[in-house]
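The next block holds one structure in the form of structure tokens; read it before the comments.
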């Protein structure tokens, strides 16, 4: 390990993965890392029971494997919608009942890992929390699978070191998610530059599966299918995609409405990819 | 306010500061924001009682106004020295007794704001925590002055929105600190590119005082005096500087030894600046 | 046009392309922009007759549509191999005779447009020359098809404005080529961050076909197939790929040996893509 | 030299400069690199005889040492004002007669080095031309002092390698100019992020004098004095500043009007700096 700062998440250290295999992370009955790409889809934020259940059913029908949805939202401004909190988690749990899709949702606060954990199948660490070390430790201890998004200026090494904080607590069920980095050309036609170059080196260095988030990177629904296909082309094990209601008005969606694709677009995209 | 996402920290909203004045943030008897530049200096990490007291006395003699030192360290790797924790805080408190210098130290975990707060005069939010919203809320509620470092890819707006999370809890005693951003040319001769362009627009937008950290940005002791003078030239209200023992070996310092300047260099720098 | 600074290369201005069609740029009998992706492959630099003819035949056999090769090389250092100049062009012309593949090669100097132009089928403007305005004008006047690579920190607008310099001289046979931008995370596992986000917005804004260069962006042969597939996934009309001899030693190749793939790898890649 | 790619411009190679001295580059009677900071000021573009002579006299009175002004302008769009060409050079020569200030102006085209060179005292290579190698060679051969601006994403090594192209032709009278790099945070409150971190390492590596351009980096007149003071604080040997007429309307200036400061502001700035 030495200079790298991580060990448990490296192929070099884990004999079982030296042959190039990817670790299969199981979330409910979904297997991430092997076989066909896994599609995790759902609303940016849980806004209401109605909106969430509608989208959950629609993504299920479109062929998605898992449901995503934010109950605790990390918002740049304290005046923006901060999520429904526990109420949102209850709605997500209901959506799981309804659809059978395992659920992933973000946790922001080390004090709330237990609360969020009891409702969801997979805990998400967002970009802004990638180096929230106390949170990584708590999530590592909790034991449920973790979706670890890359920080918006994080190097590959910093990202794997963050994963190591989780692994060091005994939890190797970590899925990485590339979601774009801030660059000198981002913010003009996208929100962040999706860094697909990172996938091949990541696969060489670690056995953890890797998703690509074409929604937060591009920030524009019309670009999402392109970025999704590019991500799969680059070797990702799956996608994390935001979806809005088939007839929803992007401008009235509580957060990031402009980047959500319609279920009909998702269905077409999943067909192409598989 | 509208689109900006912040209000309480803006000149536009606060009538008292529309005339261009800077808010004076008092930490003990030190006033940040008015008159001569404030120098906050000390070790990167509190490593031992002896090391900390020696440096504390040395920076006091060199003319520093406040003492900095890390007890809880946000380290990229879980295998790096994580700080002495509460023991480190006790040492910092002793250093304050000895020198009379008010103390600032970083808090990483919302559960530890009370613990850190009882030992220090000012709570530091590090770069990696700039968008740790639960932590910002706790620090805002605690009430002691806050040193809010800029995230390594944060925009001016995101930075002021982070300050707003603190202000919204009733605490306007916030000092901003520029410490370099990650760019396409950083990492070659420095660690981060010190963004001094941000200072003039910040001063126009907010009344909060602004420090510059020439240590973390450059990452090299020999560059620190240049960056420090540049920071003052750019209009900063003070500097946050890391110092190592006059005879310490940079290679044996627990963290960031290469960027710490000697007390003798600090003394000369302070003389030049004032 | 107004604020954009370009007009002739925009869909908005050219009625014939408002329906979303891509302009087909013909280079010899190769059509770029329609139907199956076009593969342009060959050595980074023309080093010798033997090396070039061997690679030319190999890429032809592997299924490539066009041959690339540098005779005038833009090298960071004046002490690096600068290319064989006119001798290199003669070799490229011979390779075209041998294989029937049309040839593209870079021109650096406005005084040499005529010289390079008489040997090649398509003139390449490299990244470092994207805003070499006198060169763009000469190339525009010369009239042969132009491959315009993106500058390493260029915005979409700057890129299209550069294309407009060519178009304004009466030449619309321009093919754009994304080759990576320099970012805060480039240089660690790649040379430049391949910005595939740019392709969808480019296609919306302009009717010019777009290639992706997976070689200069990644800088490592093992990453090239991933980046190539990602580029096609993102919607590129073709690829520009560097190839080294099947048995060449990357360390003895004159320039950029580490990023050249073998003809056998190229063949496999072309099979996957088509 | 080896890996660096430059030699003649390095302290290591030039015995005379190993002691840390800066080479003094003489332009007319102005000495750049020693003693007090040199101020080069003038209009962005030469627009007319009247405008240029007025500004030339005003900057002379304000205490500037040299006059700058663009006759051949590198403009992003072909539809923007491209400069007055030779007519502009004649006006600059007249301004020199009138004020006695040596003149620097940009050359874009290797075919025009002789033309520009006969009118000016110093040839400027702009950011977009930093890696225009044929131009660097011509300028190196011409023999007059050269002002070499940094490319907007150039590393220190690339910059010095560009200088080496000039030096290799026998011309060591090169002055470097930092003018900002494009980063993930540039373009929000400035145009480019002024990278003052580069100055100390440059001074260690090379003996060539270094100017800072606070005008193109910030892009806003009100920020120029801050950036100028920061540049001097960081150790620059002088400044390159754009000036508009005392009563000119920034919106009617042909190029970059918003970043030009008034002569009265320049005078005050020069007084502060000296």
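Order as written gives the chain letters A, B, C and D; numbering starts at 1 within each chain.
We adopt the following convention: contacts are C-beta pairs under 8 Å (C-beta built on N, C-alpha and C of every residue); 3 or more make two chains touch, one makes a residue touch a chain.
Just so it is clear, the model here is predicted, and its values are computed rather than measured.
Number of steps on the shortest path from subunit B to subunit C, with steps defined by chain touch: 1. Centroids built from CA atoms put subunit D at 35 Å from subunit B.
Our note on geometry: subunit C versus subunit D, Cα centroid distance of 33 Å, whole angstroms.
Per-chain CA centroids place subunit A at a distance of 47 Å from subunit D.
Among all residues of subunit A, those that touch two or more other chains are 153, 157, 181-184, 186. Chain contacts here are complete: no pair of chains fails to touch. Residue ranges on subunit A touching subunit B, taken from their complex, read 1, 4-7, 74-80, 108-111, 128-129, 131-134, 152-153, 157-158, 161, 164-165, 168, 181-184.
Against subunit D, the residues of subunit A that register as touching in their complex are 153, 182-184, 186-187.
Taken in their complex, subunit B has these residues touching subunit D: 153-157, 180-186, 188-190, 193-201, 204, 217-218, 222-223, 226-227, 229-235.
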